[in-house]
């Protein structure tokens, strides 16, 4: 009597069935059984781990970690998606008929109005760095709000995929202290943004108090000076003062928030790659069964797929962040060679510029960390011992070598560390050109009166 | 008695024949049969689909879709190939002895004459942005016409290959609404071009009416001002006025048409990749027989081959489009810092510049979409389950990873999204340099008389 | 009784021997025999072809084709290698003790002396475009001569490798009309260089005749004006006049010759790849035995090895060519915005600049053609039918995809079409900067006297 | 009775065991035995070689070679690691509580104080090239010291890995004359640095003697002029003069040393790759057993791993070197167009600039040589005969083709030859911009008094 086993050899065109008699050497059988045992053991562990971690590690899931970030966003009418405080992705949903979306649309309309004022002012005054700065400021705010609205429509689906990926990879657990890290990050960045904003307003308030030559009260003067793009077009009314102040605060917030959002999403994504890499590094140089490599590859592919899904949602925001930051850094540099500023303004300039630079660098580095982490597996795969180098390892290596796992700027460029280098090069080149050829034709702001009028320049680049 | 089956294992140097007794397990046989069944079923479906779609989907074939585009071209003496209204690629043919080619050659001669006038004017007046613009304008027109003539000689062959590819891949059907999309696109772009052209002429006509100080009638003055490169060299005659007006219209058309042509061909090509990708995405993560992957790979390779064939015809036109658009965008930017323009001119400038920018971006993005679509298959291949990862899948992946499927600018650069980024960088750099250092030495056009004389600047960049 | 055949399966770690009984199906045996037959047939053909072609096709071998190029070189003391007129690479040899090397060293010393004069003049007059041009001119000449001397020491070995590669690939024959092409090319380029040189001298002679204000005879004035770097340092003597004229002619020749040499070597190399590609394209999509692919891959690898050997000899010359041409193109552009030139000078300028540009482009394109041709095999390999896709095909594909077959500029950059694009970008940027900011501080050469003195500028860029 | 052997075929998902009767052909057995014999012979040789070389070749190990380099470093408070004179990596250790670390921290504090003075001076005088140069000078020194302290904490571990790699690859022996080469290199560079430093001080001393108009002694004047960033803030005291002189010497040394360190580490690393390549090239085109390729691949991977370990320690120093050198080269170029310098200063300028340029190029080329050497294996792998092309060779090739073995600048860019090209491009562009637009607003230093005051400019760029 003959028993048969069938194996599909890695072959050219046909499926080949090999049948042979029951004469397998005992040692081999043992080995195979051991492997199978390891494998099932592995799975059992994974399942038991799942039950364990669900209780106390769950807070580090993406949903729970990013929860507070979305709550802050919704306070400012961004990302109007329902159920962000829920613990399951199934709770998330987006409908056009909701109070949140209504709020968002109101803000969008307000931004459109403000942009309209800026543009009218631009047509009146002509092209200067103040007017173009004002337009850029509100264009950024408006675009940001619209892009986050678009993101809201897609987020429930992406969150579902993310949660599913987390559950499938429950054996790696959740990233340690992810929620804490994200909350701390949020707190630090928002505090810095607030400090910078308060400082800039205090500064301007002080200067407004200096140039009080008329009968206006301080606040009115301050607001008129700060929002010249509105009150250079229409007369002063309390309603417009309130309106334009609120819109300005919101737009300032958006600019900081977009960077922060990219940063935090990148941290969450990169931490998942880091978990996988940690487990891969542990088996560096060890003989592992093929099933191990298969599941590792599938996990890697799932993360790669998740990254490209997230990217399809946020890539436009990434591009917006880079473009806006580059624009305002260059504008700040232009201000930097304007030597007629007083000490207070210089100190404020350095604080503001340092904050902007730091935020841009942090955002770029965190976004690039996804790419960096996705490369790490390669080194482990090169070190797989010859005995356990099989199809799955080869396939894994090919994927790591040819796949491009990274956030992108609207698919125009992948966000790697090279982007930061290019950015640095661009900024340095611009600075060299500026230093080499002195200031632009815009040589005003030399006396106090001009300062009172040109304060807005400083404003839009906060 | 012993039956034998022979299989060629994927091996090193020798063909290995394995023979063994008829002891294949029933389950395996069944599986093999099932696969074969699926495969033949697949083919039957494909054939029946072919019969079905030939009737009503055929209008979305490349030939039928691009038919109107070629008709428009031939009205302006471009691409003088016979049989463009036919439904089969076999109807297309090119012979030098045809009325179409004669028409084309007449236009080429006319363009050569106009270019001669421009060059003579350049030698008389010297290097200014007006004269170099005039030369560039007619060089573009002439090159365009010659390149389309060259294209015509190759097109029948390429169309044949395209049709054959479509027939071989009939199981994917034809791209939905391709003809409609292309016709709508053609209509929109040509309308915009017309609007821009009429606007520019109306604008110039109005200004010509303003500076009427002599006894000339309006039209004559208008033509003399508009075509200074001719009437700055010889005296005014009605024949030359007519001649130069027609040549100018044709050359303007060519410039718009070349961009549009690249756009529409790219849409047609990318839609074929999209069809294939759609079918690949449907089987994402599913176990498929190797024959499925083989045919998918062969289809991909056929499209890749088609792309490189099309590219060998149109790559010179692609380079021409990019070079010309970049030149005229930079020239427009130079005009933009010329502050002595009146309101009408400013409005016209924004319309004209916006149209030019939009067209360039659209052209670059559509051309890049071929490359983008050709990358999509990679993601599906990474997700092929371990069970069905065989040689064909590996080969497919290697091809997608190492092949460069894209239109190119005369083989100097592949047209990907990066090209647009580089273009944007170049333009922004140029604008920064311009803004930073003010206008050029060419500081004329300040009063109305100068405007009357310098109108041609605006003309050549329409 | 049992016969055995052994096959080494493509396996992981151990060599596996399969033994089985003589039960191979007849059809398979037949197939194997056919393959073997085809193969031996192939080889027989190759051998008979070899005998045939040795007689009349031999003239198109590299040695015979490049023979005249080296003869021209040796007339000007370049590449002092023995036996260049021989038909076999074995005839080539290099010894330091030969009349050729002595001649070369004499020329090198003369160039060093001239460079010394230029440098002294530079220290006297200071940094101007005339002095830096003179230094660059002689540095180029000197470096060129030294590099060709270094090339001579390596050439016999490379020629041997090249000849051996040709003999191993005798079944592809020799490139059609290679010798004719190279001779025609040499003739055209040298004629153009001569025309340009004569024109430039006639031009200067004419101007020298114009500014005759003293008692000097024409030739003396001409030489003093042309070689100011010498006669600005020491007084006029007939010996120095002769010496400096000869050195100047030789240095001019070197500059043209280096470009031409790179061009012709590239043509010869690319033609070998073209031969291979021609034979590969013939079997596009056909089922071929693995031995066919193995020999094709080995031939490809031999050509790749040959390319890198040639590159190790000529890469420094390639870098020199690119650097020198870029420098002189930029200097010519600087002259181009110098508007005080008369008509004769303008015409001469366009001829000279056109020749320089054309030569640079031709050199870059021909050198890049090696890379282009080395990519062609990829397309054929993608189209190999599934049945005959075996290890050798895969290996071939991997090599084509990962190998970088190209000449390089001293290993700093591979010479592909991208280099030309970068070059064009650099030149256009430089021109834009020049046009935008007018002439340099060097605003002399406005009247005839200055022209007489500054003629040398024009001289060094011929 | 049936004996069985089992082999694991390179297959898809299952381990396949083939069992067959004892009918292996004698020839095959012989072959297998031979291979095994070769292999064990190989190992025996390796072991005997190990015993041999331990005695006299050991001096060329990394530890022994770099020993003197670290001794020089510790004399200047860099890299405070214990046991650098030991012959084994186990002797190396780092503890925070050591006299070396204390010394380092004292120097760091001194640098912080100097930087504080420079910054105060910057705030007083404002942004000039002198003040920014002073700040950059001490920032470089401080960063360098901190980075080497950080390096010291990691070095024992890296040295251990390096030593282990050397022992595992003892069959390749040690690089010939590595210690000699490194010592000679150290001597040459430090001598050059000393010459340059002495020259610059002699030069300044001479000028200080020229402008003696008061009652100060020469040394005091010299020090006050040289260290204006200190004595422009506080009054002259002997202690501060001594302090600032020592700190200045140390900081100057750091700048030279960092470049040298990268250079020497690169030489040591590249020499290991060269050893491996030498052994690979010897078997070019020969049939080798798979075990040979396996061990070669593992050795390559070990070196790749070692490179990335070293890189993780020194990448920040690499970035610092490139950034600093680029900054000071550009500053020197800015000085170069300052035409009011006298002859002594010009000569000093050329010596100083030449030294800086040479050091930068040497550093970049040596660092890039690691990458260059890591590519060499590819060519050997392409030439592996078809018979011995097995999984290990394929895997090796894939690794060489996809791995990026190079030092990096803080992971922002790999240090390849391209970096040098980019650097050259940047510098040339900067120079062109400078020459094209003349000097900056900083047009002082025309008379002797100004020279006495502005000497510091020259100082900081030594």
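The letters A, B, C and D name the chains in turn, as written, and every chain counts its residues from 1.
Throughout what follows, a contact is a pair of C-beta atoms (placed from the backbone, for glycine too) under 8 Å apart; a residue touches a chain by one contact, two chains touch by 3 or more.
This is a predicted model, so every value here is computed, not measured.
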Chain at maximum distance from chain C, centres defined as averaged CA atoms: A
Copies chain D and chain C - interface residue numbers shared by over half, same or different: different
Angular offset of chain B relative to chain C [C-alpha, multiple of 5 degrees]: 90
Chain A and chain B: spacing of chain centres that average the CA atoms, whole Å: 35
Whole-Å separation of chain centres (CA-atom averages), chain A against chain C: 49
Per-residue overlap in chain B, given as positions that touch at least 2 other chains: 9-10, 12-13, 18, 386, 389-391, 398, 433, 437
Residue ranges of chain A in contact with chain D within the complex: 7-10, 18, 20-21, 23-25, 28, 31-32, 35, 290, 339, 372, 378-379, 382-383, 386, 389-391, 394, 397-398, 401, 417-418, 420-421, 432-433, 435-438
Residue numbers on chain C that touch chain D, as the complex places them: 2, 4, 6, 9-19, 294, 301, 304-305, 308, 391-392, 395, 398-399, 402-403, 411-413, 430, 433-434, 437, 440-441
